[in-house]
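Notes follow the structure.
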Amino acid sequence: MNHEISLVVVMTLVLLADLIIGDKNKKICQIASIGLFLAHTIVCFQWSNSYSPTEAFSGMYLTSEIHMFVKNMLNIGTVLVFLYAYYWNTHENESHAGEFYFLTLSTLLGMYLMISSGNFLLFYIGLETASIPMATLVALNKKREESAEAAAKYILTAAFSSGVMIFGISMLYATCGTLYFDGVSESFSETPLTIMGLIFFIAGIGFKISLVPFHLWTADTYQGAPTSVTAYLSVISKGAAAFAFMCILMKAFSNYPDVWKEILWWIIVVTITVGNLFAIRQKNLKRFLAFSSISQAGYIMLGVIAGSDQGMASLVFYTLIYMFTNLAAFGIISSIEDQTGKVSMDDYDGLYDTNPKLAVVMMLAMFSLGGIPPFAGFFSKFFIFMAAAEQGQYLLVFLALLNTIISLYYYLLVVKAMFIKKSDNPIPTIKIDSMSKVGLIICTICILALGFISPLYTYISERSFGF
Amino acid sequence: MEQLANLAPYVLILPLCMFLILGLFGKKMCPKVSGIVGTTVFGVVSVISYYIALQYFFSGEFQVGDTYQQVTLFNMEWLRMNQDLVISIGFLLDPLSAIMLIVISTVSLMVHIYSMGYMHGEGGFQRFYAILSLFSFAMLGLVVATNIFQMYIFWELVGVSSFLLISFYYFKHSAVRAAKKAFIVTRFADMFFLIGILILSYYTRTFDFDKLTFINEGHVDAVFNSDLRTMTFLGFPVISIAMFLIFLGGAGKSAMFPLHIWLPDAMEGPTPASALIHAATMVVAGVYLVARLFPIYSFETPHVLQMISYIGAFTSIFAAIIACAQTDIKRVLAFSTISQIAYMMVALGVSGYGGVNGLGYTASMWHLFTHAMFKALLFMAAGAIIHAVHSNEMDAMGNLRKKLPITHITFLIACLAIAGIPPFSGFFSKDEILVAAFETNKWVFAVEYFVAGLTAFYMFRLYYRIFWFGEPEEGYEHEPHEAPLNMTFPLMFLAAVTVITGISWAFGKVSFTELISSDFTSYEIHTHWNIALPSIGAGVIGILIATFLYLEKTGRPNKAVSYIKKPYLWAYNKFYIDEIYLFVTNNIIFQRICQPIAWFDRHIIDGFMNLLSWVTNKASQETKEVQSGYVQQYAWVFIMGVITITLLSIYL
Amino acid sequence: MNIPVEAYFILSTLLFFIGVYGFVARKNLISILMSVELVLNAANINFVVANRFLYPEFMEGHIYSLFVIAIAAAETAVAISIIINVYRQKRNIDAKSINELKY
Amino acid sequence: MEYLTASNIIFFILAAAILLFGILTVTSTKILRAATYLFFTLFSIAGLYLQLSYEFLAAVQLSVYAGGIVILIVFAILLIKGLGEDKEINLGQRRIMGLVAAIVGSFTCAITIIKFGFMPEYEIATEMAKSVDMKLIGTTLMGTEKFEYLLPFEAASILLLACIVGSIAIATKSKEVNK
Amino acid sequence: MMAVIFCVNGEKKSLIRTIMSIGGFALLCTSAYLTIQFLELRQIDTTSEFLFTESAMWYERFNIHYSVGVDGISVAMLLLSSIVVITGVFVSYAMEEKVKEYFLWFLMLSIGVYGFFISLDLFTMFLFYEVALIPMYLLIGLWGSGKKEYSAMKLTLMLMGGSAFLMVGIFGIYYNSIPAGGEGTFNIQEIAANVQALKAEGGDISWEYIFFPLTFVGFGVLGAMFPFHTWSPDGHASAPTAVSMLHAGVLMKLGGYGCFRIAMYLMPDAAQEQAWIFIILTGISVVYGAFSACVQNDLKYINAYSSVSHCGLVLFALLMMNKTAMTGAILQMVSHGLMTALFFALIGMIYGRTHTRDIREMGGLMKIMPILCVCYVIAGLASLGLPGLSGFVAEMTIFVGAFEHTDFFHRTFVILGCSSIVITAVYILRVVGKILMGPVQDKHHETLTDAVWYEKVAAFGLIAAIAAIGMAPLWLSNMIGGGIENIAKLFTYGL
């Protein structure tokens, strides 16, 4: 509970800060917000080791060390997003900077609840808390038409998908008689109606993780949203949803794994393939990363389908590394977009000649996303495939691996643009602000080092659970 | 023995060192120095090998009774394949290798000396000597090989040095083409040789000659057990296959039909090289190979031996006919070489094993020896002539007897020798071959008899065209003059050898049968005058016809040709064998195999990979309508996805 | 004789798919939003009916419906503000016209 | 005929009203009318809740949904200039797509639901229905025991706060907007 | 131990050429020292399978260790790599553009290669394998020539495709080799022991039949096995010289080494059962590559196809599954590595002067740059298997070994393989004849200069190595013999 309470306190303080000093000195207000959240992040680390009840509110709220780890992870990711957003907030989004922090934190709270929920109701509320304010975040960039369009698409699809999801939950309720996960787990039986409920439910959460065919909003929203929000959406929100999804499957549907494994199998194959196929043709980098993140979501689901403790460990590990990697990419994109307004892949031609450091970081991110050793992405991919292979899903792993070839192709396209192509009109040498710099440095270090720090994985895997 | 064993390695090491020194540092030496150094060192090598050979033959140390023993002077492990099969580099001394040592060192030394004059002033003089050293190294290594794989190793080295020498004038297209041809054709034959070795060694579990050819109670024993004799592959006995394939290797090097096509073209190389490699030494490697494995051929696969004799007979007459129609003097000599080597093959083919039965074997080796001498002589003389008139064509020559007296005399001696006129050495060796053939196979004998006549004819045609016949129409560019001493000395030396061996044989001073025989045991033979006389007759008739046609510049040759126009044209064009080869390589191998494969690779295999990427890209482009930008469609896909999954997982 | 509980569920199902139809077929964003309300209500009916007839001991479905209503309100508010935002920029809330972002 | 009890008839009427108004909501060509039909639909649903003796829920449905959301929507319609007068034109292709989804989907769901074979407990249901009073709802929402919902309640409050903040943030005309 | 040295070297950031060449030289010395040490230890009858082993726990959950060690085969491969790396450095001495980046990537490539050869752990091995692959993309894409972007992409993707196969194979091996009640391991030796134990207990080894082909194909792609070889011609043609050298010379050997060390060592039963499929494929690639090389006009294409043919022979020999043939395969790897590196180096030097690689546009270069051309001829002779040079030793060992199989199928393919030596002669001589000999084709070429010192160092170094192996092959074949025996004994006719 401490995470949530602390976060609520921080949120309140941020809101108050914005109210009291927001009009006079926006910078201080922003730094205060970031600082507060940073404090929260650090404090949370303390708790995750000392205090870990497993249940609160009589099973409404569940937690364990792995939950706390994931929450900490999300905190770190959010801090990074804040760092990147700082420039945007001080320049373009000055008038709504306070709201930005507050809304982001409230979605984070939603994710906390989603992860820790022990009941479909709390899960639903968490999910909505994570997605409705997100829509306003997406719409925050009021200068650009796309922002509003993206937000409209997002909120409508979100509403629709939450409708589908609660319809599914209602069916589960009708068949299982309870909304508590453990209760569902006990009374779950393999009947068509239950399966249908489950599928409707998966669709709802699949929307959040952007699994195919529930993914179509993703690209549009990512492209239209302010880059920091896109980063947040693609990493934090997705990671939290994936972990929550796995938790629910572990807790509520562990009795009949074959039922959802089969469904998931096809969803994974389609997700990875479609994500990759669509990514190939993208020219806008944000949109490109959107599709890339769809296929990454498919890889993350490999951990879910494994359903073992190893699956969970590798899922968390994957998400962690994916977070740093993708945030590195988004850090570059947002820096460049904020300062020059360029997001097209063609604009990145010859980036290495003008901005070598940015290009190298971007390249590391791309390689890591593509699963190239010795960068962290390789390790996470290896482990998640291993987790799936452990359950005998060799064919699935193989298909996923074939898809990594396609994904490598388009990641290399970015590398090619930056390093190999020459441009008549390259991006001028830009100086990125110190906040983003810190963020990028952290991400780069993590990309380079996380794979080699094996105790981290051991830590995660000791705390993971499966069935 | 000890002493020889100590000396033996130098036979191989010295030329190798010379090759390395001249090859690496030749650039920095002045040509003359390199020539002298090369020649001197090879002189030392010659001395050592003479010493070894003479010690072997005459010290008595290596003889048990009448039989010469095979001794291995040294043998070091070079590469171990498995427990049984070991490739060693060693020095095997027996009459066969001793004779070859003499032949090679003599001819090679002469060529070294000769080249000092012939190659004088040519670019790449040092290179030439380097390759000569390499060749000498390889050839010596080949003949002293203790195992068949060592032989193969040096076999290849000989091939490559031949290649390098033929392509000595690398800026000439024809030389490059000839070199390529020579190398590839022999390589092709070597492949069979290799496969033969592989088969043989697989079944006998050894490479070593002393095991392979070990004779025990009239059988090649120990390694050829009865299981092996009955073993077949595709219906043929494996041993026969192996031995035939090995022979094919030898046939390639020794230019047996139909693998002979490289040899005439190889004349593009410098003449001394032709003399050494393509007349005296390398080309007889095939003969040597068959002789080396003779016990196996003789005991295990007599039918292969018979095949060898037929192939030899055909090649000898075939080449002799072509030789009659050639106008390039080196080509005439080349075809003559083919024909003569085929003679030796025939001799081996008709030979039996042991004592007088092995007359063919002795004759073959004897002919090898004499032929090496006089053919090298002929080539060097031809070189001197070419040197004088700057052309290979007969038409550019004539009436040179006054201008090149030494060359003239030595050339004449060689011609008489090859034509089989006593008392020159060629007569005796050829005579023995005819005797052997007569005793075994009358058909082969008949062919060889005819060839003897033909040989005399074309050699004297050559002789008259060069030295008599009348000066060429357009005259000489500048007056031809005799070559310097370092070129004429080898001529005289070899002529002397030709004469002396012949005479000493005639007077019974040296009997070849004492030195070399199929079982290394000496035996006695006598000149069979009943065969010798007709063969002299054939030679004389050939000479007379040539005299009639070519002594003076008359219209007779053309007239004669007009009688046999078609055959003449065929012979002149070497029976179009080259064209057939060209057709096969260009039109079939390149056009029908290589091009389609390359096309297949680019378009089908590579195309498939490109197709994959194209399909992926295309699929990506085609599916973009799914992402139409309409939120309602998104919802539709969403709900249809849900329904589809439901239907699939519940009702399927 | 009571109405079978399935009848309620089928009622809600029909309502749900009416909503789906509306979402897919309507022209402007506000109509789409209204269709979403129908979808949410369909789910609500399910919860209430299941609670009433199948599992009446506890008030899970009942409470769930209450929350759904609350959240639906919040969602609608946000959606409408976004739609107004769209309208400000495009002067138009036609669902067809918001497809700048595609492919 | 045994179905024709009073409550059943009420159910049939309500069900018919719900479906009818629902269909009208999604098909009417004038958007303001559609909003009105939506109001009626929600109203009928509230009636259904009442019939199931969830008075509080019905009240919430009426006040929040019919009273709040529909009014919000109507405001929006009126705010957006000219929209109220615009004719809604359904697009052929969309309609077909929607129909396909709706028909296939409802058949699938309906069949699945019917096949399940629910075991309703009407007696207990009627029994329990009487005990649902405001106090119970209050304690349930505020309790921390099992089947009590303090945490979701608080979470929902934060959600509402966030939504308010967010809505305000994006709905206010920022100074720079000058597209 | 070795790895530390390599890694330290890799992390030197101040990359000017001298440091590179000193580093490369240090590397060579280290390898040579290692070789000597190794031979000494073997001399005094150290019988353990691997020497200089180090092991450190890495990922505990999966029992992944960072464990390294060498046997004769890896020592040979390391030696090869060091030679090729240092000559590669010398060859790219004149590199002008983005030198630092170039050498950084080059080093990364070398680290991958070294790491691969010393790894005893499947995971680290795979890691290094991929580390070695990816620098190729940028090396070709940035510093290459011709249609470099296409080639680089194709090469990377195809090799990654191979590693996709491989990864599934590795998972399969890992999970199926877990002994009953025991813990899975990535250690190659332990896996091999587990698999043998499993077999001895009569356990189910049918999984081998699925994962052997996957693994073999996975490595086979890198070993340019037909029909997965098409990355090779384009890739090599477009790569900068030193990269071609390292790639063809060392990286392609990763394929053969992997097939040997992983696919065949860990799954010997399936290897025996399914060898025939791959014998057909590799047999085809031997002949097919040679025939294709005959009609190419680009020097690098010729050499690339020749590599296909030669590397096909490596795999072909491995599949013969007896000690002699396998020894031949390893010898062929070393030999081909050296001579193809020499080839590419020379082609690069020639190209650097004439600015064309089309053999139709060149001629008579022997006159203009004799040293380079003589080196080229030597390389060609090595390639066509001239005794005294390394190619001969390798090929003969392979053929002798391959001949141990008496059945019709094997015999046919061995003879097919033998025929490649003739075809090799054809295309080598074709090139030699066309570009080195004959009259000078292009007047502009006459002003060109011969090799400069660093080029000479590179070429002579390689030639010396080739000749050293060719003249005295016994020590090398003895050195690798021990390693091979360990694997060969798993097969029916292995020893």
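Of note:
By letter and in written order, the chains are A, B, C, D and E; residue numbering begins at 1 in each of them.
To be clear about the criterion, contacts are C-beta pairs under 8 Å (C-beta built on N, C-alpha and C of every residue); 3 or more make two chains touch, one makes a residue touch a chain.
As the structure is a computational prediction, the values presented were derived from the model and not from experiment.
Taking the definition of touch as given, a chain qualifies here only if it contacts subunit C and subunit E alike; those chains are A, B.
Using the contact threshold fixed earlier, the set of chains in contact with both subunit A and subunit E is B. Greatest centre-to-centre distance from subunit E is found for D, with centres as Cα means.
The chain with its Cα centre farthest from the Cα centre of subunit A is B. In this view the innermost chain, defined by its CA centroid being closest to the centroid of all protein CA atoms, is E.
Comparing chain pairs B-C and A-B by the number of C-beta pairs in contact, the larger count belongs to A-B. Note: centroid distance subunit A to subunit D, computed from Cα atoms, is 31 Å. Our note on geometry: subunit C versus subunit D, Cα centroid distance of 6 Å, whole angstroms. Averaged C-alpha coordinates put the centre of subunit A at 26 Å from the centre of subunit C.
Work out the mean CA point of subunit B and of subunit D, and you get 102 Å between them.
Touching two or more other chains at once are residues 121, 125, 128, 132-133, 135-136, 139, 142, 145, 151-153, 156, 160, 164, 171, 174, 192, 196, 219-220, 281, 409 of subunit A. Residue positions of subunit D touching 2 or more other chains: 94, 97-98, 101, 105, 108-109, 112-113, 118, 147, 149, 152, 156, 159, 163, 166-168, 170, 177, 179. Residue positions of subunit C touching 2 or more other chains: 9, 16, 19-20, 23-26, 32-33, 44, 49, 54, 58, 60, 63, 67, 71, 74-75, 78, 81-83, 85, 88-89, 96, 98-103. Contact between chains, as defined at the top, is found for A-B, A-C, A-D, A-E, B-C, B-D, B-E, C-D. Subunit A makes touch with subunit E in their complex at residues 310, 313, 367, 372-374, 378, 382-383, 385-386, 389-390, 394, 397-398, 401-402, 404-405, 408-409, 412, 415-416, 419-420, 454, 457-458, 461.
On the side of subunit B, the complex with subunit D involves touching residues 632-633, 636, 639-640, 642-643, 646-647, 650.
Against subunit C, in their complex, subunit A makes its touches with residues 120-121, 124-125, 128, 132-133, 135-136, 139, 142, 145-146, 148-153, 155-156, 158-160, 162-164, 166-167, 169-171, 173-174, 177-179, 219-220, 223-224, 281, 287.
For subunit C in complex with subunit B, the touching residues are 20, 23-26, 32, 95-96, 98-103.
Across the complex, subunit D is touched by residues 1-7, 9-11, 13-28, 30-31, 33-35, 37-38, 41, 44-45, 48-49, 52-54, 56-60, 62-63, 65-67, 69-78, 80-85, 87-89, 93, 96 of subunit C.
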